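Two complexes come next, and they have one chain in common, subunit A, joined by subunit B in the first and subunit C in the second.
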Partner chain A sequence: MRELVRSNPSIPWFLGILAAFCLGVTFLAEATGTGALSTSFVKTLGRTLCLCLVAIAMDVVWGYCGILSLGHMAFFGLGGYAIGMWLMYARTELIVAESLANAPIPPTPQEVEDAIASQIFGVVGASDFPAIWAFADSFVLQMAMVVLVPGLLALVFGWLAFRSRVTGVYLSILTQAMTLALSLYLFQNDSGLRGNNGLSGLQNLPGLGAVPQSVVSIAFFWASALALAAGYLAFAWAVSGKMGSVVRGIRDNEARVRFLGYHVESFKLFVFTLTAIVSGLAGALYYPQAGIINPAEIAPIASIYLAVWVAIGGRGRLYGAAIGAALVSLLSSWFTGGGAPDIDLGFYEIQWTDWWLVLLGVSFVAVTLYAPKGIGGLVDLIAERRRPARTGDLGPDTSALRKTEAAE
Partner chain B sequence: MLPKLRALILAASALLLCLAPAAHAQDSALQDLLQTHAEEVADPGRRSVGALMDDLAASDLPGVARFLERWADKKVYLNKEDGRFYYGETEDGSFALRDIASDEPVGTAPAAAMEEIRPNGGVRRVISGALVEFQLSDPDRAARVDALDSISRRPTADQLGPLRESIEGEPDPALKARKERLANLMTARFGADTETRVAAIERLSGAVDLETRAGLSRILSAESGVAPDLPADANIARELEVGDDLTEADAYARLVGADLAAPLVTNADIRDALAANIEDGAVGGVPVAELSDPEARTRAYAALAEAGTVPPLVTPEEQAQAARAHVFYEVYDEPNPAVTDAASAALSEVEARVARHQVLDLGLDAVSLASIYFLAAIGLAITFGVMGVINMAHGEFIMMGAYTGYVVQQVIPNYTASLIVALPLAFLVAFAAGVALERLVIRHLYHRPLETLLATFGISIALQQLAKNIFGTQARPLTAPSWLDGAWVMNDVVGIANIRIAIFVLALIFLALLLFILKRTRLGLEVRAVTQNPGMAGSMGIDPGRINMMTFGLGSGIAGVAGVAIGLYAQVTSEMGSAYIVQSFMTVVVGGVGNVWGTLAGATLIGGLQKGIEWFNPSNTLAAQTYMILFIILFIQVRPKGIVALKGRAAGD
Partner chain C sequence: MTDVVLAPEAPASTRKSTLLELSGVSVSFDGFRAINNLSFQIGEPELRAVIGPNGAGKTTFMDIVTGKTRPDEGHVLWGEKSVNLLKLSESRIAREGIGRKFQKPTVFEAQSVRENLAMALKNPRGPFDVLLYRKTEDGARRIEEIAREIGLADHLPRTAGELSHGQKQWLEIGMLLAQAPRLLLVDEPAAGMTPAEREHTTDLLKRLARRHAVVVVEHDMEFVRRLDCKVTVLHEGSVLAEGSLDHVTSNQQVIDVYLGR
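Showing the complex of A and B:
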């Protein structure tokens, strides 16, 4: 542990700030404190923590391993779908049981299942459970799906992609194509996941109908914070030590690492699959707080935004990704939610609901051009120290192409 | 001839003698004919009117069609004073009369003397049926087309004769062909004897049109039936095997429908029956609480059935036995087997031909889709090939071109002129935007391809939102000039919209233009040099920066032109670019980077594939796209560098 902290001095800082933040929110929340923060805002903060977790995963796969994956939000969404299936099934089961309780004769298990199916799939004109809902009645099995579905998809896709040495821009576009294919598939009504209606009512936890949402929200907030802390520790461990060096080496010069005798494909596949699983878990925590999931959440644009967060926050440092995700997603909801004041230019009034995306796009370009280290680079200024040159602080591609040794 | 002569003589004598009243002077053959059937005209009934109709049709008089029309419109009146028929119109209390044959005004009559003739609905149908025969030879082409349409909607045996007669005098070749086809079809259905019908059916087997297909399948219409034994006298279409042609459940349902078996007792029936027969907390001796078990339910129901309160369960064995004891078949409505055999042979021949034509049509669709993809992707391919950067804002250049076309159309109302202005203007606008993007952003990001991807993505978000702010979220129309409307139609199966032909031609033009620029100009030479080895090209005095800028501008400009082309048949929205960007990437990746021929191959493959998949599953374009992307992911496994692989910087090494 001491070794881990020495190689990652950000761990105590990050965990400390996260703990302080959690305590602060708890004291201000409706259920556990003064009530200064509304339940919906606590939910927003909890969701933001989940986004931080998926951003850290993205940072590991992109900032450390050099794979610009445009598919991690798809894994995130798959995790959400997996948990959503159980939530929806279990809750509908309760509703159906209640409505069938008054029937003159008790229902058979088959009748109960048929009633649940027609309740859930009525919107897409079906009344049978598709095969993929086979485990939906079991929380444990469905939680296993949260891990298995994104993990297996990442494993198969990554195996196909890495073994044929698809790299760089090609790989990004291939992952984007995978994401697009997945979201188009889910948009179909006969995909078995309610088409573009998605899964809804996920905020109502089965069996906890009597517990107010304010309590549920703070519980989920804590669960998200714990997951984020655990994820941070796990990834900090993964990217430090020998394995971290190999992974960073792959980012900087894949061929050289291969010639040193490492099986590059296995390392990439491990990182890709591990981050996909963490993304799925983050999604499983996110969507019960969001309440609804539909295929639009999986569309390629979501994954691109994830890359934007990580880039703005600062690649190649875990806290940078978390900062970027939290800052940009909160700012985004502040601007698009009408929270930002309009600016009157005299001849034109800038309404931020219309102009936020323009601002985001332009500032993203500016960050890419002028501040490749992102917001995380500010930490370097504050700490008044530079990372040793061997970690390649010039960014993955420049340092790889650099002909001479680093100047300092 | 004779009645006309008589009319002439009558008219002449009336003129000479000046004795008869004016109305009598207008005496005519038609009036005479009507007078002989005066009762049927004045009070027509559906049954009695037949003889009159035959006489009218046989008389061949010029005013008959007009008379029939007005008769059906209730504009024929009977003058009770002289017992003659007139066309009449009310004019404040009195009637303006017109002669029945010549439609000339023949004076007025008091309203009291006139009796309106009101044919009922059945008679009006007979009249309009008779009218169709007259309309078949109407001088107005539209009237003839209407008549043909109405015949082909509800063909009857008695229309066949007039239709045949009208073929001879038909001046329009297309209509003549249609009449012949329709006559053939009707002969096939209503012909006098088997030989004429079979001959007519055989003549039909060369067609592909919908009318013939519908006609043939109408002859082959069949009803399903079930009986203990196959009926001997019926024209059996086919026998159905339970298990192969129809499921056991369907078979049993047909038996129930034909009252040959007892209806099934469904689970819902069991539940309702049990609920209705609860006595002292138990049904048939089984406590209610235990009834959540399906087996207990069956037991309880069996007990009820034993007691006779409910119909007994039909076991699967009983169902299978009932199905075995009967034959299931389809029987033709047409009793003559020779006719149905000939028709089914003809229909299968027609369908085989239709399938071939459908393949041709699919090919045309695929080519048109491929040309769109080619136009959308070629700009991307050359920038990727020459500079090794991928431009996520490429789709927004397409959008920019489309909006340029829209704005030009607001200024220049003439669609043709605005299109001629819009195409080069869209090129210039997108060219300028491309050059600006290259100078301001991409130039600083060479050697960082992943970051170029992201930076151009930032541009793409900003441009999309900007377009939304300027033009609003609703779709804007880009109207094609009228000469691009319509379609080139070969027959009912093969056809392609003119606009798609135009896009195909545009794609060909740009293919030729690009090949010319790359192979025959100084710029092209320099572009190829930079593509192969930028360092060496720089050493030879070529300015790679300038070449990059020009290439990027060229690629973007073509995207702008593609935008105008796409906007002409799809709607212009701020999101139209993102709809094409992934397809364009796929085209580039599949085709191979930085090569015009590669892009062409990629566009052809993807366009053909997409149409092919849609053909297998036409209801589901989403699934088609999903499968296509999966195919591409697998294709990359086989040929990671695309169909036409390229060496050099663009090869990504």
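Showing the complex of A and C:
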């Protein structure tokens, strides 16, 4: 542990700032503090932490391993769908049980299930549970799906892609195709996941109807923060030491790593699948705070945004990705949510809801051209000023006179 | 210093047996026959120099042995059990014990000298082995030894990208040593080195060849002469002559295609 911190001085900083931020939010939240922060804003902050987690995963796969995956938000969305299925099923079950309780004859289990199904699938004109809902009644099994579904998809997709040595921009295009195909499939009403309606009402936790949303929001906020902290530690550990060496070696010169005897495809598959699983977990924490998930969430553009966050924050450093995701997604909701004042130029009025994307695009281009290290690169400026990196021996040959001269 | 370069795992064979055998290997790129019915054998231990004009197929030969290029026909057999190398992946071939030093030094420039050597160090190579890898004193000591051998002992914490061209050459040789291979394929090891360093390189290669099979591809005749070993002359993708340096340099064909120019 001590060695991990020594090789990653960012860990105590990151965890310290995260803890301070959490305490601050807790003291200002409605349920636990002064109420200066509204419940919906606490939810926004909690969601932002989940986005930071998926950004860190993206940084590991892109910034460290060099695989520009433009499909990781698909895994994020699948995690959300997996937990959403249980949330919807369990809550509808309670409602149905309540309404059937007054019936003169107690309902059979089959009747209960049919009633749940017609409640959930009424919007798409169906009344039967599709096969993929087989485990929806079990929280434990559905949580397993949060891990298994993104993990297996990534494993199969990655195995096919990496085995054929698809790299670079072709791999990026393939991942875009994957996420596009998935979202188009889910848009269909007969996909079994309510088509474009998606899953809704996810903020209502089954059995906790009496608990106010202000408490739920702060609980999810803390859960997201813990997941982010755990994810940061786990990834920092994984990319330090020898694994980090090999993975960065793959990014910089894949063929050389191969000639050293490492099976590059297995390493890529490992990183791709691991990050997909973490993305799924992040999604499972995000969507209960968002309340709704629909196929638009896993449209190709979502994964591109993810790459933009990581690029702006600074890839190749975990805290950079987290900073980028937090900053850009919060700014995005500020600009598009009407928080930013419109600018009247006299002849034209800049409305940020329209112009935010332009601003984001310009900043992305600017960062790529002028600050390839991203926002995280600013940390280097401070760190390097404090501690000049003078390691090794830059002087003349050890046989030179200076040794004896210096000794005098 | 002898113990440094000789891996503890290396079998101390006294009897010279064939380690690598290529027979009837041909490969063409877009109709151009880079390798044409090439046959080649090397024992363990043995030092062999491969010379030949540009385009003779020296690099393609190494690409075939290391699995980078698949030949159109022919056999490549390896070791006591005569494993067919053509069926193995590049990484598997490297794990079998074939190490390669590239002509242009290719080290991981963003990483420190120590990390470069640690990555090459002979250890289990699976993703989970690597993830759960713990630094050992043994490994650290071996890295120190190799660093001393290649003259980079003071530079271990430095980023490899900061090294000079010659130092990168040495680092790559060090990585090759750390891999502890049975067969070393060394492409122009002395390029960009000072005369003193060249001497050190010859010395190192000769010491390595006491227990390992070493193939050196080299342009510099003086360097080859100092290696004092059997020489294979490649021309247009096949072996033109083989024998001692004096033998091949007196061969009229060799003089015509290579030395005469």
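Please note the rule applied: the second predicted complex is superposed on the first by the 384 of 408 C-alpha atoms of A that agree within 3 Å, B and C clash if a C-alpha of one lies under 4 Å from a C-alpha of the other, contacts with A are read in each partner's own complex, and residues count from 1 in each chain.
One rule holds for everything that comes next: a residue touches a chain if its C-beta (ideal position, glycine included) is under 8 Å from a C-beta of that chain, and two chains touch if they have at least 3 such contacts.
Just so we're clear, the structure is a prediction, and the values are computed from it rather than from any experiment.
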Simultaneous placement of subunit C and subunit B on subunit A, clash or fit: fit
A:M243 touches, of subunit B and subunit C: first, second, both or neither? second
First, second, both or neither for A:L68, with subunit B first and subunit C second: first
Touching partner for A:L180 - first (subunit B), second (subunit C), both, neither: first
First, second, both or neither for A:Q188, with subunit B first and subunit C second: first
Subunit B versus subunit C as contact partner of A:V308, first or second or both or neither: first
First (subunit B), second (subunit C), both or neither touched by A:F364: first
Subunit B versus subunit C, judged by how many residues of subunit A each one touches: B
First (subunit B), second (subunit C), both or neither touched by A:V169: first
Where subunit B and subunit C come nearest after superposition, their Cα distance in Å: 10
Those residues of subunit A which subunit B touches in one complex and subunit C touches in the other: 398
In the complex with subunit B, residue positions of subunit A that touch it: 68, 103-111, 157, 160-161, 164-170, 172-174, 176-178, 180-181, 184-185, 187-188, 300-301, 304, 307-308, 311, 354-358, 360-365, 368-369, 372, 395-398, 401
Subunit C residues within the subunit A interface of the complex: 66, 68, 89-92, 94-95, 99-100, 102, 106, 108-111, 115, 118-120, 125-128, 130-131, 133, 135, 154-158, 175, 179
Subunit A-facing residues of subunit B, complex: 267, 271, 274-275, 278, 283, 288-289, 291-294, 297, 390, 441, 444-445, 447-451, 453-455, 457-466, 468-469, 578, 582, 585-586, 589, 620, 622-623, 625-626, 629-630, 632-634, 636-637, 640, 652
Subunit A - residues contacting subunit C, complex: 238, 241-243, 245-246, 248-249, 252-253, 255-264, 266-267, 270, 391-393, 398
